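Okay, so chain A shows up in both of these, paired with chain B first and chain C after.
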Partner chain A sequence: MNEKERLSGYKGEALAAIRKAEVEIGDLIRITRNSEIHEGILIPRSEYGDKKHVIIKLKSGYNIGIRITPNTKIERTGKGTKPTFTQPPSLKQNPKLPKIAIISTGGTIASRVDYRTGAVRPALTASDLYSVVPELTKIAQLDAQILFSLLSENITPKHWTEMAKAVSNHILKGVDGVVIAHGTDTMGYTAAALTFSLQSLPVPVILVGSQRSADRPSSDAATNLIGAVVAAAKVPFAEVSVAMHESTSDSSIILHRGAKVRKCHTSRRDAFKSVNASSLARVQEQRIIMLTEKYRKRDLTRKLDLKPEFNEKVALVKFYPGMNPAIVDWYVKKEYRGIILEGTGLGHVGSFFYEAIRNAVEHNVVVGMTSQCIWGRVGMNVYGQGRDLLALGVIALEDMLPETATVKLMWIFGQTRDVEEAKTLLKTNVAGEISSRTLAEK
Partner chain B sequence: MNEKERLSGYKGEALAAIRKAEVEIGDLIRITRNSEIHEGILIPRSEYGDKKHVIIKLKSGYNIGIRITPNTKIERTGKGTKPTFTQPPSLKQNPKLPKIAIISTGGTIASRVDYRTGAVRPALTASDLYSVVPELTKIAQLDAQILFSLLSENITPKHWTEMAKAVSNHILKGVDGVVIAHGTDTMGYTAAALTFSLQSLPVPVILVGSQRSADRPSSDAATNLIGAVVAAAKVPFAEVSVAMHESTSDSSIILHRGAKVRKCHTSRRDAFKSVNASSLARVQEQRIIMLTEKYRKRDLTRKLDLKPEFNEKVALVKFYPGMNPAIVDWYVKKEYRGIILEGTGLGHVGSFFYEAIRNAVEHNVVVGMTSQCIWGRVGMNVYGQGRDLLALGVIALEDMLPETATVKLMWIFGQTRDVEEAKTLLKTNVAGEISSRTLAEK
Partner chain C sequence: MEIDYEKIGLKVGLEIHQQLDTSTKLFCNCEPKLFKEEPEITFLRRLRPTQSELGQIDPAAYFEFQKGLRILYEAERATSCLVEMDEEPPHPLNRQAVEITLTAALLMNAEPVDEIHVMRKAVIDGSNTTGFQRTCVIALHGEVKVGQKTVPILHVSLEEDAARKTGEEEGNIIHYRIDRLGIPLIEVATAPVIKSPTEAKEVALAIGGVLRATGKAKRGLGTIRQDLNISITDGGLVEIKGVQELELLPLVVKYEVQRQLGLVKISEELRARGMGEDIIEKEFFNVTDVFKQTKCRVLCKALEKNQQILALKLPKFRDIIKQELMPGFRLGTEMADRARFWGRVGGIFHTDELPAYGITADEVEKLGEAVEAEDQDAVVFVADNSENAEDALEAVVERAREAIKGVPDETRAPKPDGTTRYMRPRPGAARMYPETDIPPIQITEDDVERISSKLPELPKQKLERLMKEYKLNKKLAGQVLDSKYSLLFETIVKESKVSSTTVAAFLTETLKALKRDRVEIDKISEYQFRKVFGKIGAGELVKEALPDIIDWLSKNENKGVQEAIENLGLKIMSEIELRALIGKVIEENRKLIQEHHEDSFGILMSIVMNKLRGRVNAALVSKILKEKLKVAE
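Showing the complex of A and B:
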C-alpha cells in the first residue's frame, strides 16, 4: 500500500495531522481537542473532502468528521480488527432446493464492509453470500451475479433496462425466482420500473435492500436477504415485489407490490410502505403468509413479456406555492415527452400554472396529475379547478404514486412514440399501479 | 338572471342540449343515455369546459360530467332545494367570552355552498358563521374578516405576507386568539409560513380547513371550525397550529405544530399528520388535552415580532432517477437565491447532479437537503455520497419537511440578502421546524 492509498483522500491540515501522528487508514485512533475526546477507526475521505476534517468511524457505526485545529492531538490506540467469517457447513448446492438467481446492483445490502477501513463499499461475490449468510444454503441453490456496484441514487433508467434484461436471462435459464439486491434510496422507483418492463412473469422477482450496513449491530442485511430468498423460493405469486422489515422487529419480512411501494423513512428498518394497496405477503420463520388473494400465480410455462426500454424525457414536477410555471415551458422547450405533476390535494395546481400546461399539451406533451399527499386518490371532478385542469388536457392518475407515474410514463415512451397511445396506456392499469376504487373510502 | 348566467359556461352540443330541454342551472334534471340514467342538479361549467359534457351534482355530493350524444335525453325533474338555516338562539355576543378573530382566506371550510346550483363557492360572511354553526356563540366573541376568497392552490407567498399582517392587526386589537379558515391543499405550507413570520406570539393562531364541503353528509367543516375556535379560546400555548380531525371519527380535533404538519391524504378527514414531531394538543368535547409539555405559553403582554416578507426566488426540486441536472442550472441562471433538494433516503442525489450543485453554490445559491422519504432525518455523514454533498456546500436540513424548508428559505431571503446569514438561519431551529435528535431512533 503506497502513501496515497494509506491516507486516501486527505489533504491540507487534515493530511498533515495524520502524517504527523503516523497513523493510517484502518487504524483505531484517538483524537483529543481541548476537552473533547473521540475514538474510532480512521476512514478515507472522498475526492470532494475539505482540508480541515479527519473522518473516523465510531463504535456505534456512525462516521463523524473532526476539525483539525493547531491544538488537536491524534494518537494510534490500535489496529482496526478484521472480521472473522464463519465458513458455512457446506458450499455444496443441494439439487433438491429451488434455483434462485441473486442479482447484485449495489447498495448497503450488497456492500461488504471493509472492517479495516470501516468504509462501506459496494461489492458482493457469489461465495460471499454463503459465507456471510450460511442459512441460505438450506433454502435455495443460488446463482449470484454482480450486475452493478452502484449506490442506488446513481441508478438511472438505463440501469433499469439492464436489470430487466438480466432478470430475463436468468428466467430463460429456468430459475424458480430472482432476488435483486439494491440500495434502498431508489429501490421503489426500480421496483416500479421492473413491474412495467417484466410483464407476464412466470416466477417472482424480489427486490431487497438494507437500511443498516452489515457492520452495524442493528443491521437488517441478513434477515432481509434470507426473507427475500425464502420469498423467491416459496411464494405462490409471480410478481415484482420489495422485501423489507415489516416493523422494527426482526421477526417478519413484508412483501410490497412493486408499483405501490415507497420508502417512507430515512433510517428505520421498516421504511418501506405499501401505499393505497395491501401488501402481498409476509415471511415469518421462513413461512409465507399471504395477505391478498389477488395475484398472478407462478407458472414456469408462462412466457415472460420483456419490455425493458425507458425514455428519460419525462419529468416529475412537484408543485408548491410561488412556484415558477416557466419550469414547465423549459421542459417543453427541451422536447420532453411527458410531465407528471405532483399537485396538491385532490390533484390541483395554482391557476397561474394553466397557461404553461395548456402550452405543454399543445406541444403534444403528455401531462399527468398525481398528488403530493401521497395517500389517497386524485379526484379532479370535485372542484372547479380540477375540472379546469381536465379540460386543459391533464390526465388524472387515480391513486398512482407520483414516483410510479413518472417511471410508468418513461416506460410508455420507451414503447411508443404515439401520444394518443401513450395517454391511453397512462390511464390504464397495466401492472397493478392503479387500485380499483374502494367501495367506502372514509 | 340572463341566459348567459342561467347556462353559465356551457357551449357547443352541451349548451344546445340544455337549451332544448329548457332547463337551467340549479334545476334537478334527469339525463338518459341508452340504458344509463343519472339524476342531479345542473351546475355551471368553468371557462375551460369542453363542448360535449353536462355537469350534474349527484345526491352523494359528487359532481359528474355526462357526454351528450344525439340520443341523450335531458328532462327537468324539479328545482334544486335551498337550505333552511337555523337561526342561532341569539346573535348577541357574550362579553364574558374570549375574543377570537376569524380570518377567512377561502377553501372548502370557508365556502358557502350554493344549494341552488350545487356549486361550492368560496365566501363566508361574519354572520354566516353564527347562522351555520350556532355553537360558536357559546364559545367566543367572534370578529370575522374575509381576507381572501381563494382556493388554497392559488395562495402564494404574497398572500402569506397579507395573512401575517392581518393576524398582527387583530393581535394589536387585543384578541385572545386567531382562527384562519384556509383551503386544505396548501394549508401546511401556510402554517409553516406563519410559524416563521409570526414570532414571539402572545396568543394562539389556529389554521383550520375542511376536507368535505358543507353540502356533504360527512362534512367536517362545522366540527373542525368549532374545534379551532375552542382551541383559539382555551389552549395554554401561543403557537401557530393546524386544527383538523384526528381520526375518521368526529369526536376529536388534533392540533399540529405549524412547521411539522403535512397533508398526507387527498380526501380523508384526518389527512393532516404531524411529521417527526408530536402533536400539540387534542380538543375533545370542547376540552383541551395537552400532548406535549414543550410550548410557548400564552402571554397577552408579549410583543409579537412580525416578519412577514417572503422571497419567491427559492425552488423546491424533487430528485428522481434520470432527472436532468440542467434544471438546477436553469434556477441559477434565473437568479434564484436558494434551492431545497428533496433527495433520496438520508439525503442523496445521483453524482450526475454534483457539477450542477457545485455551480449553484459557486453562484452563491444556498442549497439545502431534505428527504423525499418525508419521515426521518437526513444523515449526510453516513455514506460517502452524503459527505461529498456536504463538501460541495450542501446544507443538511435535519428532520425538516421539504415543504417547510422551502417556505423557510423563502422567508429567510425575505429577511436578509446575506448568503452566510441565510445559511446560518437555515441550519438553526427558528420556530420548531427542526426537532432535536431523539435519543433512541429505532
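Showing the complex of A and C:
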C-alpha cells in the first residue's frame, strides 16, 4: 500500500476496487451495480470504517457509502481538482498593541473546513489566526509558534519542560503575555506544571482550549481564544491561569488559577472549575473583571525564575474498597520517589493498606494524602484511621487537588533528591496550590 | 388574467418535511415534544461562520455575525438535554427513525443507500445550536404516482428538526426554543417536474399520504412543512421555505409566478427607459433638514431620537416602485423587506407613494431638489441611525440593480395569505461535511428484505380495502384513512364486534366535533378507546354515552373507563328498570296519549331518551314503549 492509499483509509475489497479502477480521492467517479448507478466525488474512508464500502459525495453534497460486490464497477468520469486555497492577505500588525505570544501544543483552536472532502485544516500561523478570528487584530500583535501537535492525553512531563522553556524564551524576547493553546483533557495538569516551573513570572501565561472543535460554528474555540488573548494583554496579574467558558453561554470567559483548576465535566463548555479557590478574573466584552484582590502583579522588570525539570517517578493512586495494596509495593519495587494517595473522605485508606504504606515510607518514598472528594480539605486528625496514617509518615496535603499534588511532587523531585527537603516543599505553599482558608462556595 | 403555466415554463420542485412520531429524538433520548410554559433554562450563544477551505462564507450569515447577532436559547429539562444544548456529543442515529424512513422510501420505490453517512449542513441563523443541521440520505431515485403522472423522487433523507423561533428579534438578540430541535424529520425531494399550482398540492398530498401510511407520521400544525423551488423561463430560481398548510401551496405558486412575471416586466420597462445597473449610484443624501417641520409621525419619532433621514435617488424608477407584484405587494415592498433585513430599519419611504403618511407635496418637492432628482426619477428615504440607514439604502440599491436584471435568486418565507417575503439570499451549493461524531450505519440486504416484506399498504390500496372489508362508504373510508386512528379502527372493529360504521364515524366525525368543543382528545390512549368499545360490544354501555365518557377521560387523565362510567352514572339500565321507568312516563302522560294517539310515540320517546341518554339502547326503548303504548290504548 502506498502513502496515498494509506491516507485514503480504504482497505480490503474497497481498496482493491479503487485500485482496479485507478481512481484517487477527489476524483469524480461513477459506480455501477446491476441497474443502480451512483455518481460523485470519491471521499476518504475513516480508519474505523469497514472494508466493503466506498464513500462518494453526491452532487447534492450528501455522502453515501456503496457496497462493493463482485459485479460493482467503478469508473472515473472526471479528474479531481485540488482545493485551491488562496492564502488570505497577511494582515498588518498594529505596533501600538501589546505583544502576545501564542504557543500551540495541539488540538485546533482555529480551523477551516474543506466542504469538498470534509477535511478540517487547522489554522496555525499568526496570519491564519487573524483571518479565522479577525477580532484578534484589534487586541494584540501576535507571535504564533507551533511547539507540538499533540492530543493532550499524549502530553508527558517532558512536554511540560519544553513548554516552560518556550514560554521563557518568549518572555526573554519581551512579550506582554503568553497564550498556550492546549487540548482540554490534561490542560489542568499542564497548568499546574507551569505554575511550579515558571516562578516569579513578569507577565501572565494563559492556557486555553475548546470543548467543541473549531470547525463548528458553535465552537467555543474563538471565544475562548479571544478571551485568552485579551487576558494575556490586559490582566493586571502575572500568573499561570486557564481561560475557558464560565457557563454554557458565550457571554463570559473565566480565568482559573493554574494550581487550583480541574476539568470537571466530559463535554460542557464550562467543564473547568476552580476547586477550593476563587477564580482569578472574568473576561466580558473584552474587559477584565477581577474576582480576587490577592495576586502577583504584572511587572516587566521582574526576572523569571525558570525551573522546568520534572521527575516522572511519582504515582497517583486512587483508593477504593477492597483495593489490593500490592500496587503500592510494585511502585516501591520500581523505585518510585513519591506516591500521592487519593483517599476517601477526609483522607483515609483501609487499615489493610497500612503495611504497604509503612514499607513505602521505610524505602524513602514520599507519601502524600489528598481526597477523592475533590472539594474540601483533608483532616487527618479527626478519626483514628487518619491519625494512624499520619503516624505511618503520610503527609496530609491540605486542600491540594490530587492532580496538582502529583504534578508538584514530580516537580519537587526534578529540583531535589533530598527526601526531607521534598517533604518540606510538598507541605509548603509554593505557588498558590494550598490555601489556608476554605471559603463557602459562591 | 389566466396564466398559461405551460407557456411560461413553470417548474416547481417540492421538498416535504414530515416529523416522525418516534419515542425519542433523532440523536438523543429526549421526548420529541414541545413545551408551552416559561423556559427553565436559558443560555446565550453566538454562531461564527466557519470558513471553508476555499475561503467562502455565506454572505448573509457573515453579515448577521458581524452585526453581533446573539441567540438566546430557551429549554426545559423534560424535552432537552445537553445534546440539544450542544454540550454533549450526539448519541447514535435513532434506529426507529431509520426504519420508518426506509419504510417510506421503499413505498416510493427508492433505492436505499448501502451505508448511511450523517452530514453536517451549515446553518448559522441560530435555528441549530451547533450551527449545522445533521442530515443523511437514506434512499435515492424513487417515484410517486400522482394521477397518470410519475413524479421522480430525488432523495429520501432523515434529518433533525430545528429549534423554533419564539418572539421577535430585539436588540440583536433572537430567541429560539430548543424543544423542537432533534425531532426526526423525513425529507422527500421531488425533481422540478411540477407544472402548475394545483399539481403542487396534488403531489404534496400524494407524498403526505405515503408518509402517513407508515403509521409513524406526526400530526398537527407544524408537523409537516413544504419547501418549494419555483422558476419560470425568464425568471429566477426562488426557494420558498416552510409552507405549513397544504391548501396554501397552489396560491403560493400562483403568487410567485405573478411576482416573477411582474419583475420580468419591470426589468423590460427599465431597460426600455435606458437603465443600466451602473446608473444607480451608491450616493446617499442627508435630507434631515427637509423634514424638520414634518407632520409625519414616523419621521417625527426618528427626529426626536436624533436619528437621520438619508435619501437615495433611483434614476428612471418613477412609477416602477409602486407596481403591484402580488396582492398588496409592490417592488417597494420588496425593497423595504431587503432594507429591514440588511439595515434593521422599520421600513422605507419612496416617492411613488407620496405625498401621504403626513408628508406634504411641498416636502416631496424639496426632497427631489435635495437629491437633484428629475421627473422620471424616484427617491427612496429612510430614517434611522446612520449605520442602519446606510445599510438599508445599500440594500435598496442592490435590489434596484437586480430589478434591472430581472428576478433575483433568493429564499423567501410564506405569509398566511400565500404571498411571500424576502428571507435571505439563496445559499450557494449546500455546504456539507461529515458528522464525525456518528459512525456510519450499514443497511444490509437483510434489512431491506425484512422491511420490504411487511410494507404497509399505500393509501389507495388501503382505501379500497377499508371499503370492501368493512363495508364503509367512500367518504367514511377516506376519513378513516386520513385519520391517525386508521390502525386503531381495524383493531377495535375486530375486537369489539361493534359495527364498523359506528366505530368509523366515532373515530372521525365525533372526535372532530369533540375537538372543536375543545375536548383534549390526545389525552385518551388507544387502550382506553379499545376498552370503551369493548364495553359497548359487550352490551355494558351504549354508544350514545361515548362523547360524555371521552370528555370525562380527557379531564381525568389517570382514571380508567370503569371510573368514567361510574362517575357519570352511565351504567346501562336493566330491562326491568327500563320497563318500570317507561311505565311511569306513560302514567304521567295519560292525557297527552289520549289526545295524540299514535303521534304521541315520538314525544314519549324523546322524553325517555332525554332522561336516560347514554344509559339505554334507543332501539330497546322504542320496542318497550311501543308494546306499552299498545296496552295503554
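Note that the second predicted complex is superposed on the first by the 334 of 442 C-alpha atoms of A that agree within 3 Å, B and C clash if a C-alpha of one lies under 4 Å from a C-alpha of the other, contacts with A are read in each partner's own complex, and residues count from 1 in each chain.
Just so we're on the same page, contacts are C-beta pairs under 8 Å (C-beta built on N, C-alpha and C of every residue); 3 or more make two chains touch, one makes a residue touch a chain.
Everything numeric here is computed off the predicted structure, so don't read it as measured data.
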In the overlay, answer first, second, both or neither for which of chain B and chain C A:373 touches. first
Quick one: classify A:65 as touching chain B (first), chain C (second), both or neither. both
Quick one: chain B or chain C, who's touching more of chain A? B
Does the superposition put A:223 against chain B (first), chain C (second), both, or neither? second
After superposition on the shared chain, which partner residues are touched by A:257: those of chain B (first), chain C (second), both, or neither? neither
Look at A:99 in the shared chain and tell me whether it touches chain B only, chain C only, both, or neither; answer first, second, both or neither. neither
Looking at the overlay, does A:343 come into contact with chain B only (first), chain C only (second), both, or neither? first
Considering only the touch criterion stated at the top, classify A:154 as touching first (chain B), second (chain C), both, or neither. first
Give one of first, second, both or neither to describe whether A:267 is in contact with chain B, with chain C, with both, or with none. both
Regarding the shared-chain residue A:55, is it in contact with chain B (first), chain C (second), both, or neither? both
Indicate the residue numbers of chain A shared between its chain B interface and its chain C interface, in ascending order. 46, 48-50, 55, 62-65, 119-120, 248, 266-269
For chain C, which residues are in contact with chain A within the complex? 43-55, 70, 82, 85-89, 111, 113-117, 119-122, 124, 129-132, 135-137, 140-141, 154-155, 157, 429-434, 436, 439-440, 442
So in the complex, the part of chain B that touches chain A is made up of which residues? 45-50, 55, 62-65, 119-120, 151-157, 160, 183-186, 189-190, 248, 263-269, 271, 310, 312, 314-316, 318-324, 326-327, 330, 334, 342-352, 354, 371-379, 381-385, 387-388, 391-392, 403, 406-407, 410, 441-442
Touching chain C in the complex: which residues of chain A? 36, 38, 43, 46, 48-50, 53, 55, 58, 60-67, 83-86, 88, 111-116, 118-121, 131-132, 212, 214-219, 222-223, 247-251, 266-269
